[in-house]
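Next come the structures, one after another.
Paired with chain B in one complex and with chain C in the other, chain A is shared by the two complexes that follow.
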Partner chain A sequence: MTISTPAATSAPNGARRRPGFHFPTGKVSFYGFCSLSYIFLLSPLVVVVGASLHRGTRYTVVKFPPEDLSLYWYTQIPDAHWEALTLSFGLAFMASMLACVVGIPAALGLVRSNIPLKGLFSSIFRAPLQIPSIVTGVAFLQMYYLFGDLTGLYVNGTFAGLLLGHLFVGIPYVVGTVGAVLQRFDTRLEEAAQSLGAGRITTFRRVTLPVIMPGVYAGGLYAFMVSFGDVPISIFLSAPGFVTFPVELFYGMENDFNPSVLASSTLVILFSLGLLLLMQRIVGLENLLRSGGGS
Partner chain B sequence: MKARWDLILIPSFVLSFMLMAASQIIFLRASFYKDLGLGRQGEDIVFTNYGRFFTDEFYLDVLWLTIQVSFLAMLFTLVFGFPVAYMIARLRSRWAMILLAGIVISTFITIVIKVFGIYIMFSASGIVNQTLMGLGILDRPWTVIGNDAGVVVGLMHFTLGFGVLVLYSVVQTIPRSLEEAAQIHGSSRWRVWARVIVPLSLPGVTVSALMIFNMCMGAFTSAALLGGGRVFTLPVLIQRVVIMEVKYSMGGTLAAVLLISVLLINLLSIYLMTRMRKQRLVIT
Partner chain C sequence: MSRVKLERVVKHYGNVVALRELDLEIQEGEFLTLLGPSGCGKTTTLRLVAGFIEPTQGTIYLGNDDVTYVPPQKREIGMVFQDYALFPHMTIEDNIGFGLKERRVGREEIRHRVGELLDLIHLPGVQDRYPAELSGGQAQRVAVARAVAYAPRVLLMDEPLGALDLKLREAMQIELRRIQQELKITTVYVTHDQGEAMNMSDRIVVMNLGLIEQTGSAEDIYNNPRTKFVADFIGSINFLPAKIVGDDGEWSVAETVGAKVKVPKSGASSSSGEVAIALRPERLELVVNGGDGMNVVPGTISNKIFNGNLMRVFVDVGAREPVVIELPPADVHGETGDSVSVGWAPQNGQVLME
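Moving on to the complex of A and B:
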């Protein structure tokens, strides 16, 4: 592994450099090494999109690079996939919206109040990210069973049951991103609005909300994507015939393999790309990352 | 007129706290029950499940394997992720944003779809095996599906993108001027790496490594799919025990062991963080 810093090779006064032409071996191998990660991360996506365009005969249906270009498999997407996609989309949309409804007040309260043990409160909000998703899935399933035994209302295998589980993991993202924006918030803006006669609600709607919006978008987007791609929670909380798209694919992979899943997967890839581009347009990629999705 | 921000906090906090406390207490309590078969559980608190876990070699092997593959995936994630994070953090052009976007895209797309791609690439007639056999490197098709190597590859698909993003923020805390200063004073680029970049990023990298290790320990989807039903890590076993064997209590016990291991690593990470903050090793 040869590594160099780009700055080192381009620095004109870098020491110990022989004069004359110098092939930047270090630089090239450094960038080469970095490109391996990109190949590793992105090639499966390229392969799925490519292979979905290959028509093929019965025994050579999956092929990359595609030779027999056609959109045939896009017409063969089974109804079960469309239903699963609709469920996944509705679930992710509702979960991210509710995560904002719960998360924005939480972030405001955490950043602006003077309650004691603030660190403890914020770590409780962050806790769902520390618990492995599979544990959350098992725990919610058992909670639903107990709740059902007590009240006769079983929510496992229903939209509400799935939604609650997805909301649980979505909230911390919104709290994290909105909290990060609020910490940089200049409160004098609000004071200015209020001294000019704006009420508390007007101030919030016209000043606070627009400023924290990048954080809301970023957190909402994270909550959406986490819900949209989740398997370990949904696999416990869904029921036969009522599954999210990733779970449908998960089971499909264990059973029969039909190339139409590549077509529906490609649609999901394109949808995710589109959503990311849209968000990038609205708030900018820098904002999406800076507001701390890793928290 | 002052806003009562602490009151605004209450409803959200109650909801989050209730969901967490209820679900965790219920499953932890159930992990002490006895499985009576067909999903029924006993009512008495017994230690049978935990006793079985820590005496049965099968379960201990599963735990050990989970730790091994998580460690390897963490190591490779750091080795491959750090240079990328460094490269992006030091680029001045708009390429930095484009390269970051590439990482974000890959982390945003559900791992199940990526596994499809890996399946196709590593199938006997897939692009990887055809290339390697064509070059004479392999004489038989080789696959990552259904073996430990596959699980490590799957875990890396789960962690590499996240790892780059976390390490990127670590590299950003190292002022570029320090590297330039070392160069002006005659350091070779190797020396800059050895004496400036690595020592300064070590605290941040350590904490990132623990985070990545934790993600691997809890990773279900990629481990299950690339393990192909033959490799059992703890999360894969949990799903199997609960859904296929309908042993909720044993599943709860396994989940509790996983949860506690992850929490212990977290505590270690928090401890390291506070110590480093005190020594002013990290700039946050």
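Moving on to the complex of A and C:
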């Protein structure tokens, strides 16, 4: 093809761009699509938050948009919700911490070592994600009964029992994200540290761990969120009077719905949002320092 | 006393032989370059000295200590990597001070020493920046400062300029050599770039296929390559296929592309088999008539390339490839297609085994 002169560009075959106004079809459809996606993702949250602000009466159904703005239902959050929230928070915190303690060495082993059957070990660490949670819940309960029958120590309905179940589904997230960061990790950094006199432990503490920290934060956050929002496992492993927040909500909705549920849900949404923003700040900053440093 | 010594060192990776059997001594304060194509064993040698890998056989000494199985953190070495390997989450001061901190040097003293080192690398005032904020050349100078901060027994550099562009690379060669000489630090440098090796080194070790081909100063290796591989790897060179046919007392006589030429006597010139005459392009001339005492081979100009300060003339003499001659442009008489003769003084042709 020959290079056309400016005059030739406006000739019939190249006439798609005429001078004057062009409707920006591409841009409009792009932003339109993005907006629809956001609306889809955010509208349930907006409804919950909005409806929680509607005063109404005890037996009002969800009312959106709220007509009678008030924080009334926030004062009506039952004690059981606060207790369940405390339990859920403690549980999610412990589960995500322990998931990191177990997941980081596991990821190191899976990425770095040349053990035989590495693929099999990787799959085992991914397996909890592939089992439906409800099955995991039933399996853990059965296991606890068996264990209890053997030893007389029944952990179902205890904090430890819940923690183990939540750890089980949390670990794969940490192994996944830390593993992904380790794949890209420049091992020369460790060699450099060693050549400067740092032993294995110091090298891990001063170089490896800080560099893979974004992966740890991300994985830990996932583990936290999965634990915090879990119903199917917790419903089997909790006991009457000892339930996690989502399970408490679930029971509450089944038996006696009232808008205080919306109020405590809103608090959880705000808390999660804050946590996400905090992580974004930490991980985002770390990423900024990472990029270019090793390249 | 030698600073670094490798004795009969062999390294296998599974079935692959990376080093056949290496003997090498590096003197105190020497800048030694391991030069060769990829896979020649130069990086393996460096990593053996650093302690990142262990030899299959043989012994490695640093000073008088046998360090063959000593881990890198106990070897007192400084290492510079091609991609800098600066710690991205630490400031420049913490990077340079890393080794000092490991050696329990006080904070004030580290601050002071880092300042001195930044002056040495001509990069004062960057203490509080992060590696991502530096350019490639700056990052590599910081990497050098980090490696020499606690006066290691030997400085090891693995293609440290490989990631930089050509102009910067040349400036950095001078810079690295200056730092090395100011500190008088024993240095082992790995590169595949012969120009880099020649610009910086006291001594060059040319390696190929896990063996040392030749060791010597840049001049020595350029002027007296012992093998065709070395001659070809260092600078550009022409090879003419030849056969030794006689001896006229001072010179050996060889026959090449139909002409009889004189060549210096050497081990290879007493061989009766196929040999090659190695000719540097800048030591060849275009001979118009006679050329007394010179070796002369007739041919035809097949191409000319103007290179600024030099003209490269390609002369087809009937060998597999045309002979390349480098001349000042004013000395080139003749056009493409003209019949000319290529001439050289007998001492400038070197006989190498095929």
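Keep in mind that, in the parts below, the second predicted complex is superposed on the first by the 239 of 295 C-alpha atoms of A that agree within 3 Å, B and C clash if a C-alpha of one lies under 4 Å from a C-alpha of the other, contacts with A are read in each partner's own complex, and residues count from 1 in each chain.
Here, a contact is a pair of C-beta atoms (placed from the backbone, for glycine too) under 8 Å apart; a residue touches a chain by one contact, two chains touch by 3 or more.
Keep in mind that this is a model prediction, so the values were computed, not measured.
Enquirer: Looking at A:D186, would you say it contacts chain B, chain C, both, or neither? Reply first, second, both or neither.
Expert: A:D186 sits against chain C, while chain B stays out of touch.
Enquirer: In the overlaid three-chain picture, which partner chain does A:F64 touch, first (chain B) or second (chain C), both, or neither?
Expert: Once the two structures are laid over each other on A, A:F64 reaches chain B alone.
Enquirer: Is A:S195 contacted by the first partner chain B, the second partner chain C, both or neither?
Expert: Only chain C; A:S195 stays clear of chain B.
Enquirer: Between chain B and chain C, which makes contact with more of the residues in chain A?
Expert: After superposition, B is the partner touching more of chain A.
Enquirer: Figure out whether A:W82 sits in contact with chain B (first) or chain C (second), or with both, or with neither.
Expert: Once the two structures are laid over each other on A, A:W82 reaches no partner at all.
Enquirer: When the two structures are overlaid on chain A, which partner does A:L276 contact: first (chain B), second (chain C), both, or neither?
Expert: first
Enquirer: Which residues of chain A are in contact with chain B in one complex and with chain C in the other?
Expert: 286, 288-289, 293-294
Enquirer: Within the complex, which stretch of chain A touches chain B?
Expert: That would be residues 1, 3-9, 11, 13-16, 26, 30-31, 33-34, 36-38, 40-48, 51, 62, 64-65, 102-103, 105-106, 108-115, 121, 124-125, 127-128, 130-143, 145-146, 164, 168, 171, 200, 225, 228-232, 235-236, 245-246, 249-250, 253-254, 261-262, 265, 268-269, 272-273, 276, 280, 285-286, 288-289, 293-294 of chain A.
Enquirer: Which stretch or stretches of chain A touch chain C in the complex?
Expert: 186, 188-189, 191-199, 202, 206-207, 210-211, 213, 286, 288-295
Enquirer: Which stretch or stretches of chain B touch chain A in the complex?
Expert: So the residues of chain B in touch with chain A come to 1, 3-13, 15-17, 19-20, 22-24, 26-27, 30, 79-81, 83-84, 86-87, 90-91, 97, 99-106, 108-121, 123, 126-127, 156-157, 160-162, 164-166, 169, 176, 179-180, 183-184, 186-189, 192-193, 197, 214, 217-221, 224-225, 229, 235, 238-239, 242-243, 248, 251-252, 255, 258-259, 262-263, 266.
Enquirer: Give the list of chain C residues in touch with chain A in this complex.
Expert: Checking each residue of chain C against chain A gives 50-52, 71-79, 81, 83-89, 98-99, 102-103, 130-132, 146-147, 150, 156.
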